[in-house]
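By letter and in written order, the chains are A, B, C and D; residue numbering begins at 1 in each of them.
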Amino acid sequence: MGKIRASIIGITGYTGIDLLRLLLLHADVEIAYLTSRQHPREKIGNVYPHLAHLPLEITDTAPAEVAKGSDVVFLALPHKTAQEVAAELHGRVKIIDLSADFRLDDASTYAAYYEEHKYPNLLKEFVYGLPETVGRDKIAKAQSVANPGCFALVSQLLLYPFKGKIAQADIFAVTGSSGAGKTPVDGTHHPVRNHNMKSYNINKHRHIPEIIRAGGIDAAKLNFVPTSGPFTRGIFAQAFITLSGEAGDASAAYKDCPFVRIQKNVELAGIVGSNFADLSFETGTGGRVLAQGAIDNLVKGAGGSAVQNMNLMFGLAETAGLFNLAPLYP
Amino acid sequence: MGKIRASIIGITGYTGIDLLRLLLLHADVEIAYLTSRQHPREKIGNVYPHLAHLPLEITDTAPAEVAKGSDVVFLALPHKTAQEVAAELHGRVKIIDLSADFRLDDASTYAAYYEEHKYPNLLKEFVYGLPETVGRDKIAKAQSVANPGCFALVSQLLLYPFKGKIAQADIFAVTGSSGAGKTPVDGTHHPVRNHNMKSYNINKHRHIPEIIRAGGIDAAKLNFVPTSGPFTRGIFAQAFITLSGEAGDASAAYKDCPFVRIQKNVELAGIVGSNFADLSFETGTGGRVLAQGAIDNLVKGAGGSAVQNMNLMFGLAETAGLFNLAPLYP
Amino acid sequence: MGKIRASIIGITGYTGIDLLRLLLLHADVEIAYLTSRQHPREKIGNVYPHLAHLPLEITDTAPAEVAKGSDVVFLALPHKTAQEVAAELHGRVKIIDLSADFRLDDASTYAAYYEEHKYPNLLKEFVYGLPETVGRDKIAKAQSVANPGCFALVSQLLLYPFKGKIAQADIFAVTGSSGAGKTPVDGTHHPVRNHNMKSYNINKHRHIPEIIRAGGIDAAKLNFVPTSGPFTRGIFAQAFITLSGEAGDASAAYKDCPFVRIQKNVELAGIVGSNFADLSFETGTGGRVLAQGAIDNLVKGAGGSAVQNMNLMFGLAETAGLFNLAPLYP
Amino acid sequence: MGKIRASIIGITGYTGIDLLRLLLLHADVEIAYLTSRQHPREKIGNVYPHLAHLPLEITDTAPAEVAKGSDVVFLALPHKTAQEVAAELHGRVKIIDLSADFRLDDASTYAAYYEEHKYPNLLKEFVYGLPETVGRDKIAKAQSVANPGCFALVSQLLLYPFKGKIAQADIFAVTGSSGAGKTPVDGTHHPVRNHNMKSYNINKHRHIPEIIRAGGIDAAKLNFVPTSGPFTRGIFAQAFITLSGEAGDASAAYKDCPFVRIQKNVELAGIVGSNFADLSFETGTGGRVLAQGAIDNLVKGAGGSAVQNMNLMFGLAETAGLFNLAPLYP
């Protein structure tokens, strides 16, 4: 088999650029197109000087043409924009959508958290791409995959071992500033962010319906406190989980998952730059399970999971191109 | 009345040095002695160049002599060392002890978390110095005060409004590196700490019995997850509190507390360098109260509370020398 | 004498807000007006929650009315806006302008680096407010003072001891992100700034004519490399100075300057939050003097110098309200 | 050809661990031994949890045995220890020494900056491994290579284009905390380092003789100001270079160097985690060249150069395993 011709539509955001970093390291992949509407034909180093060594160009090639020259197309677009492109390309080429547009299977929930979905019928066409909790077979057979949200992904990994017996889950999750994207806003202004912690959208965050859908609990049993932290990459999440049944051995749920590492002590610095999700589960007082998780929001929480999904969709080892990429430590 | 002659025994730790910063700004205070066993007679600027402008000296003056020349003596010593000095000085001069040695009233609990207490009879002689939850009168009349621990203080402020009706409290608290003191250790090594979050001593931290004693709950109802964060100053704490009764208006508990500010959004950057404790209380799902708090561990969590206690003990306004010190923002 | 009634026009920028922090600590000052065009009558805590404890209001009071009720008016406005207000108020009330509008005495230089000055005749009415290098008497007698720029101030302190014998000065200066103000821009976007160093406006920065004017050298002998650093507060500057004459004892130039501290090792963390300028001078190879300086850009580089100037203008001790404010360390 | 069997003696330091990260990504390499005297047979994840997914073990295998089973041995040992192992293995296996022990060709200089060299005759046996300035042929033929020091490497890259015509070089270089290694010391204590800049060993740093030797200047013409900065990885260096001749086109010196990128604006965040050295050269006043450079001290300044040297020594493309590793941005 030749190399997989992979393209990224919407290359200039942090999600796109970090996905490219991963694809460059993947021996079975070659880059076909990197597109952006803002950049009709430009050397990538002009836009991102840290990539000045690459002979790659950013173009504004139309999606249909991208699809023709690609085996897989990654959509690294804002939600709403993504669904337009997805609607055009679905069925013509394998799609991995990193936006929020196809993570929910219910149009009314999507409408409640985002806005009216323009292609509600397409929602069920996308397989939710979290290999650790969704059957790998399902992803392997998918034509189009919806890549999970970063907060949602780590939260689900904390809840999944207890699926069906969660009476209540209280989650406090701290994210790095790269999660906010590349456009400067008040919340990413360095003078304050540099030594700040601050919660936002408590019990209102858009990843909540995704946690609920996949986590097997309902909104009435979840407190979700997203919090911004003073670091660039990663999410560190603490869950206090009240069970209605026996805890069992939580780590067993992940015994065949190469990117989940059950650690004695989870630490953010242990996963930066890599696709690993480090988890720990302890028994606390009051029948709580104390669960912690750390992921890199741009890798396991975005491009890394996307590559993992691509591997499954193309019959490669799930670990291809990812497992040898150790965290950048220190 | 002349100025209060204040001395700090154990000036060279972060607690001592930051207490000095506060005392220098207090119009009713003059510095009598700054002592350290390691520094027999040295200009303070030699030890701490950031204080090179001060004409003050560090000496190794014996505690008894310090007491003679002081109206109040602050003990900024490690626990165990502090109790020796406290035993010598108690009754001779007003004492505010910033160590852990007199925060518990029960010698066996102290023994369980630290080691055998050498002066168990003295435990009941010290008033616990948290003005917001202990009667100010009690502190005003005290000869010796035990200043609260930083984690314990912010945790108590989150629990206090619900005293007597807490079924369970799950607290996740993130601390800055200055909380670890001035001696470099693995956990404060910059290359990793710089972008890390990592919990430690979960449900075993030494501040737990202090939270329990004063917070009005028992250990079986508390999960306490202390976590190190990538910033220098401050503690940001999230509590999920399950109530056995009605929540009521939590903010009412602090209506006469000048240093407690009920905020819509608590943020760490809003309190650095100051004596303010910013708190928020929200209603969550599952009957939880979501409570957040932020303090500067070296100010409200140490020297600031100590000065606040001193003010009460000397009949000054509780706010003297502290209220006009705004947070360093940004 | 009653307290000095001080007002800040343009309170909502970082310069204004940090100046307020200093004025609150000044025993001889009371706040008259805090104004902002964007905020007609608002509690300051609504705009800046870290000041929620203050009973102060922000108003949009007209400058003329502010002047009537004030003994001194601080202009914490952008350049260009500042000159309008200054033109209106000059002669009616003591003015300390923290903008760039009156730092240069030459309208054509101002035009070259900024734009046409609308009140060129006013340029000579303002005394340049750097007490360490300008005669204190001159400042004491001034009606209107132009407060130095932060980069310019620290650069001048490094050059001043060698005035008249500088053959060449090569300055590399690293600034914290607060220097960029409170509006988020690409250069202050946390994900990148957090671990970045990057120079900008090399040999073109607007503080260059100010360095030249006051530093006693000409542009052909200066390389000035402003650089952004990954911290919030402070400037750390390294100068390699080639002399045409003997160096002499550089520290002698500052023997009567309470806020200049000659240190063996200059460090940024030693001055944060305070009005101190820490300097060192060493002899290098090639006839170079290696000079280093550190200031807090928002204090000695802005509001602190402004208060120092105010002290001189009102016959107070130069150190009033400032000397007891120790750096926030650590 | 089979894979290169590569071993690291002294795996537990930051240099060793980051070299391992790079070797894991290299398609032509397999890990033979990872040794440490402190760890007789231990899973690497026990020592470094961020590598918990690897099936690799750390052993205390003797160097001679390591050599037998390896094609190349990397020494990631402290200087002094390294020379013992190098003396034992030289001639038996290809060696790339990342310590300082063989970077100088003159035993007396080594003695002046370190201590007496125990194997002075061996100094000339090692080729200095900086491909961009030393002939690649020389490295390709070498049996043993001395890998450059991080400060020395970036400094040489700034000076090299002007070799033979440098009248004076004044270098200010800021390093991340990982450069200090993994043992906590005062200078890497997070509470202060977190927002500090501080120079040390000015004109005395041990990398100076290495700069001089390779840079083609003498100590009397160099000022070197090493400075610690508040970030984990990278060195940002500013050089003011006074020329005795014409500058010429500095970038031409690197036209065949795949890891040197001439940038308009050098920035630290643009190279983190990668083997790239970003450089810029501008003409300043006073006949100075303003040169800037940024490298990752643990990659181009250590393990990355080591792999680059290995590639040359084994006849691989210089870029193998390194070029596709993009910087971790943001």
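Here is the rule we use: contacts are C-beta pairs under 8 Å (C-beta built on N, C-alpha and C of every residue); 3 or more make two chains touch, one makes a residue touch a chain.
Since the structure is predicted, the reported quantities are computational estimates derived from the model, not experimental observations.
Trainee: What is the touch distance from subunit A to subunit D, in steps?
Mentor: The fewest touching-chain steps linking subunit A to subunit D number 1.
Trainee: Give the chain pair, either A-C or B-C, that is connected by more C-beta contacts.
Mentor: Between the two chain pairs, B-C has more contacting C-beta pairs.
Trainee: Please work out the Cα centroid separation of subunit A and subunit B, and write it as a whole number of Å.
Mentor: Spacing between the chain centres: roughly 41 Å.
Trainee: Using mean C-alpha positions as chain centres, tell me how far subunit B is from subunit C in Å, no decimals.
Mentor: A distance of 35 Å separates the two centres.
Trainee: How big is the gap, in whole Å, between where the Cα atoms of subunit A centre and where those of subunit C centre?
Mentor: Each chain reduced to its C-alpha mean, subunit A and subunit C end up 45 Å apart.
Trainee: Considering subunit B alone, which of its residues make contact with at least two other chains?
Mentor: As it turns out, subunit B has residues touching two or more other chains at 14, 178, 182, 191-192, 194-195, 230-233, 265, 267, 269, 272, 329-330.
Trainee: Where on subunit A is subunit D touching in the complex?
Mentor: 14, 17-18, 20-21, 24-25, 27, 48-54, 178, 182, 232-233, 258-259, 261, 263-265, 267, 269-274, 276, 278, 323-330
Trainee: Under the stated contact criterion, what part of subunit A meets subunit B in this complex?
Mentor: Residue positions touching the partner: 167-168, 170, 172, 174, 191-192, 194-200, 202-203, 219-223, 225, 227, 229-234, 236, 238, 240, 242, 265-269, 272, 282, 284-286, 288, 290, 292, 294, 329-330.
Trainee: Spell out the residues on subunit A that touch subunit C in their complex, using ranges where they run on.
Mentor: Those residues of subunit A that touch subunit C are 14, 176-178, 180, 182-186, 188-195, 230-233.
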